[in-house]
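Input: one structure, supplied below.
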Amino acid sequence: MFFCEVSRIIVTSDETTGSGPAPLLDLRCIVKVYQTPAGDLFALKDIDLQVYPGEFVAVVGKSGAGKSTLINVITGIDRPTSGEIIIGGTPIHSLKEDQLARWRGKNLGVVFQFFQLLPNLNLIENITIAMDVCNTYPVREHEKRALALLDQVGIAEHGYKVPAKISGGQQQRVAIARALANDPPVIVADEPTGNLDERTAGEIFDLFENLVEQGRTLLVVTHDREIAARATRQVEIADGKLQGIGVRG
Amino acid sequence: MKLRTRWRKIIKDIWGNKTRSLLVILSIAVGVAAIGMINNTMTMLRRDLFGAHSRGNPASVSLYISPFDTDLAGAVEAMREVETVQAHRTLSARLIRADGAPAENITLDIVPGFDKVAINRFSIERGAEIPGIRKILLERCSADGLGIDIGDTIIIETEGKQRYSLTVSGIVHDLYLIPYNILGDATGYVSMDTLRWMGEQAYYSRLDVIVAENEGDREHALAVAAQARDRVIETSGYQVYRIAIPGINSDPGEHWGQSQINGFVLVLQVMSVLAIFLSGGLVVNSISAILSQQIRQIGILRSIGAVRSQLVGMYVANVLVLSVAGLAMGLPLGMLGAWWLTNFAAGYLNFDVTAITPDPTVTILQVAVGLVMPIVVAFFPIVSGTRISVYDAIYQQGLAGDRQEGGIDGLLAKIRNLHPPVMLSLRNTFRKKARLAFTLITLTLAGAMFMSVFSTRASLTGQINQIARYVAFDASLSVTPGLTRASVERTAMRIPGVTVAEGWVSSGGILMRADGSEGDEIQVYGIPYNSVTIDPLLIDGRWLQADDTNGVVINDDFLEHAPETAVGSSITVKIADQNRTYEIVGIVSKHLSGSRVYMTYDTFSKATGRSNQADMVRVRLDADKIGSSAEQKRLAAEIEDRFQDAGMSQSSSQTQDEIFGSFTGPFDIILMVLVIMAGLLAVVGGLSLAGTMGMNVMERTREIGVLRAVGANNQAVRQVVVIEGVVVGLISWLLAVAVSGPAGVALAGAVVYAVFKAPVNFQYSFEGLAIWLVVIVLIGVFSSLAPARSAARLTVREVLDYE
Amino acid sequence: MFWNRKSKKHSQLVGGESTALIDLRGVSKAYKTDAGRFTALDGVTLQIGEGEFVSIVGKSGSGKTTLINMLTGIDRPTGGEIHVAGTAVHHLNESDTATWRGKNLGVVFQFFQLLPTLTVLENVMLPMGLCNMYTHQERIERARHLLDLVGLADEADKLPSRLSGGQQQRAAIARAMANDPPIIATDEPTGNLDSHTAESVMHLFESLVEQGKTVLMVTHDPDLAERAPRTITLAGGELLNEHLVKALPSLPHDLLLDATRRLETNQFAPGEMIIEHNAEPDKFYVVTKGDVDIYLPTPDGKELLIDSLGPGQFFGEIALVNGGLRTAQVRASHVNPVEVVALSKEVFLNILQASGETLNELVDIIALRNRQLSMVGSSR
């Protein structure tokens, strides 16, 4: 086993933006091992990462470096082989499937690379369903709130269309609005601009910056370094290990 | 607006995949409708046919007596064991039609008081209740069949060849007769006055009796009749010719066709249960398909906070919506079917339907099948389908390598030298084993039933042909009692074309039990030992021989009421008041004739004192084959004329066709219904396979894209899909063949027993086997073609696009 | 239909002369989506020859995947022509394309895409069977041989699920080679592999190129792209001039796209003067075909050869950046005609203004070249 304590990367408070005494996302000694017929594959080796409230963190690395595994472990979509994940004080690694799902719905907004909108529902419904399954707001407020969120991301006029009728960039906006549906403190995005052209990608990142200005905490995984440069802090991952910290000057 | 988004998702999902949703709804509707149609019909039959029947005081037993009057009837009624009696006079006659159509047989029925019929009460439909002089009432079925109505004049020709003109003054509904359309004989009702006017003697010939207690007991009814005969009738100087319980192998008080109808309905109920199973299988397949299409969405929902129970709830709601729709479609359809079937039965069996109303019990059953069954059946796929982890649901990239268990997959891995599409198809067939199992079960059941239906048809036909052996003549005729056999045969042989003429003689008898009590009525026949107008099927022992003086052959009907009869044992029969004991040398098969004893002429003459006499003559044009319908009719007409001219007969002749016409009618209906059911099963099986193939193709679109990318053209892609469909079909065929033996025996046995009350002589239909093979291959090809075509049409880009 | 036919000779390449192995002329692809008309490719013209190892790069949405889909026949252009291995691919229907592809193109996917119910050996045999190549026995032998080449001889009879990602990708490469196609096309071949395995896969591709195969590789990983001698860059559906990209690698793609659109192409006969010493600087040049020679004129009217530049190298920048007149003389080489592309002074200076990094790089190179000039000048 690895000895995390030795390689722990310490983040001092004055090197981060929006610092507070306690990290909102606290990953400790995360290891993810896959058993394949060709032997053990270490996808994440000893990840130690703290993200503070109000930060906009970009995790960069090449394909196969472990970015997706990392984000999946953070969102609970995948389970670490060992290590602890504490988000907002909740040790999510010890939650059971259903508990985890419920916790995630209320506390973590997830934005996927391929948008992952429900194809048969219109945009408003794609957002209200998040409120519906988590029971966070009274039913009669759902539609109003959804429209407000769509407005925030700039596509309220398409509210009654289905995802197939709008462009990729617009779909990603809807996905972001959905991630905000239950007003979570943390947003996590996996290659959010991976499927978009450069201009649209820039617009999405504008949106992200807006969210951070509102006080949310944002963790984004991307292979595009130009986009990553817009974050307040960059973390590099290669071959399953975190390399260094880059702070935007 | 108020509806929660998750329910709106369900509605949109259902609407978004209309074909699949419709398939589920239809399959539920079919199951529900089948149950409704058959069971509601049964309820209505029970109410309007059997119920009406028992309300009209059905007779327990009938006695055929030498001419008697109402005093005798009264005397019998006075018996403690007797509840009611009703005297009848029945008379065979001919109905001559004005338009030159062939004459019809008509039975004239006379009762003492048309307004006070106590047993087997018929009712007046239209017109006069009591027929005046020279007036006749017709049974409504006869009237409809002959196209005669009130006011029409018909000509009745009695056995003495006298013709009388009668006017129809009323139409009667008589539930207690076998109707004209089945029996072939019309029935009319006249008053005793009219009978006298027609030159007949005024007496009664039959006494119907209802016993005071144990109404349903066969033995008791026969015993009471015997007592009536011994204590009252014969002591008063009359003779009882025959005691019989009305109906076809019926129990006292039963409708004449009750057991046949019940048997038939039972078969239909089995079929409807099967339909439920099949629709259940379809539902499972479809729900699994829906779930596998929704995998990604399930992952998304879980990622945004949905817990397992919410997901399960959503898809159960999905099934519920489809079930309700299926129920909404099936309930009225079932009622419609019941309406049709009941009316059809009413027309056929001559009863009235009072109201088409749904039976609450049946409705509950339908709701159970329509609502509960789909949910129960879909529960497991829903629970296991929602178990998928978010990771697998969303990140299903690449080609899913389903866990390969050993066994079949190991075997398949050993098959090497095949063309790639074939090999791929073979392996693909066994990938989703649970789904394959469901599809196979559905198809196998359908196939087994299909083949069983054909076997049943073959067995029924075989059974009928078997019976035909006992009436191996072109025409037969009853002759006036007392004639010599020689004269009868001679007269018959004089008819041009006749090569065989056999005079048979018969008598009624009573089977005596070991304890000396009287048993059933039986018929005793004196026949030539080398008769060619009977080709008996020996079950045991041997046929009659020339030197048989004490040996007799009985038919299998005896076994029902005297199970100890066997070859070698003895049998005691009371003929002409004398007990005779014979040795059973052979037992022949049942042939819808009632219990019979066949003996040589000599044996017969010793028992009855009637030697060299004949009661009937059986003729053939050709010793080797039975004549055509037309030939038989001509012969019958000729023989009638000849014998009547010679004063030797006053009856009408019966051809073999006529005897069979009354059998084959109902059988054809049964067969038609069975074949329709078989067709339905084939359709359901085909739908099930189409659904499975569609699902398989949809899940493998990526694989198809890869095939395309490495060089598979349209034909190759289609091959991969179609071969899989055909392989599944062929496997199901093999399984169905394995099951079709016992299934066929069960079905054929049930149907034949219901109709004939005889065990089946099972004939396996290889024709059915072959036809189903063709059908299943066609099903396999056609149910895969549509998915195959859509698979081939997908462009590689669409399929490999990760967007 | 099921039984093996004798192998058909697969289509021989129509020999050299003017038809390149891969020839795209004005290829466009536009989609009508519900959100409007979207152009994925716009007027792409390019040629690729035998034995080339080409990487196709570009940002997300630049059209690189669409381009390779065009080349492999997986997608069909809405305009232009595509000639691959002598066949006008854009004319074929879906089914015929599949057949053509099976014989002429090996495709290697990012997610390997081996058929899970067939063994590795059967997967490699599949294309041969589908295209009716070789006899059955030959197929088995050939497949084993190919698997041996990629180092999977022992895994031949296993199912793909029993193999690691790297092994599956190697098996996929063996499958791509099944019908001995002249072209291998691959989209992010190492996207799902760790760096170690990725390396072995790239080795395989390189060895294929050595054998004379043409390998086309789409990737967004610049390090991977670097391993291919030639890189085709797409931006916004249009091809960037390769040589310009090679010359000014630090320029962002939008600027490169703009520059590409404004390029002037000039041909020069062998020995022809391109830049005269002390002339007014008006253009920035990049060599695209052939070589140019840099001279410093001597007082006695001769020319001193300073340097030779080939395709992908630029010249004419010194005077534009530093101001003043042309510092050297440039001619087309005496051996072959030369083709250059040129940007006007205005465009060039705008570019430099927009990209500080490029300016810095240029300054460094200019300093280097000036040193070169002065060294030569002084040693005379």
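As written, the chain order gives the labels A, B and C, with residue 1 at the start of each chain.
Throughout what follows, a contact is a pair of C-beta atoms (placed from the backbone, for glycine too) under 8 Å apart; a residue touches a chain by one contact, two chains touch by 3 or more.
This is a predicted model, so every value here is computed, not measured.
K.L.:
Relative to chain A, which chain's C-alpha centre is the most remote?
P.N.:
B
K.L.:
Looking at mean CA positions, which chain is nearest the middle of everything shown?
P.N.:
Checking distances from each chain centre to the full centroid gives B.
K.L.:
Can you give the whole-Å distance between the Cα centres of chain A and chain C?
P.N.:
So the centre of chain A lies 35 Å away from the centre of chain C.
K.L.:
State, to the nearest whole Å, the distance from the C-alpha centre of chain A to the C-alpha centre of chain B.
P.N.:
Roughly 70 Å separates the two chain centres.
K.L.:
Quick one: chain B and chain C, Cα centre-to-centre, how many Å?
P.N.:
Distance between chain centres: 79 Å.
K.L.:
Name the residues of chain B that each touch 2 or more other chains.
P.N.:
none
K.L.:
If you look at chain A, which of its residues touch at least two other chains?
P.N.:
Within chain A, the residues that touch at least two other chains are 195.
K.L.:
Can you tell me which residues of chain C touch two or more of the remaining chains?
P.N.:
Touching at least two other chains: 161.
K.L.:
Which positions of chain B touch chain C when the two form their complex?
P.N.:
397-404, 413, 417-424, 427-428, 431, 702-703, 706-716, 792-793, 795-797, 800
K.L.:
Going by the contact rule set out above, which residues of chain A touch chain B in the complex?
P.N.:
72, 75, 77-78, 97-98, 101-102, 104-106, 110, 112, 114, 116-121, 125, 128-134, 139-140, 142-143, 168, 178, 181-182, 195
K.L.:
State the interface residues of chain C toward chain B in the complex, per the touch definition above.
P.N.:
1-4, 69, 72, 74-75, 94-96, 98-99, 101-103, 107, 109, 111-119, 122, 125-127, 129-131, 136, 159-161, 175, 178-179
K.L.:
What does chain A use to touch chain C in their complex?
P.N.:
36-39, 41, 62-64, 164-167, 170, 193-198, 200-201, 223-224, 238-239
K.L.:
In their shared complex, at which residues does chain B touch chain A?
P.N.:
The touching residues are 1-2, 4-6, 8-9, 12-13, 16, 296-297, 299-310, 389-391, 394, 802-803.
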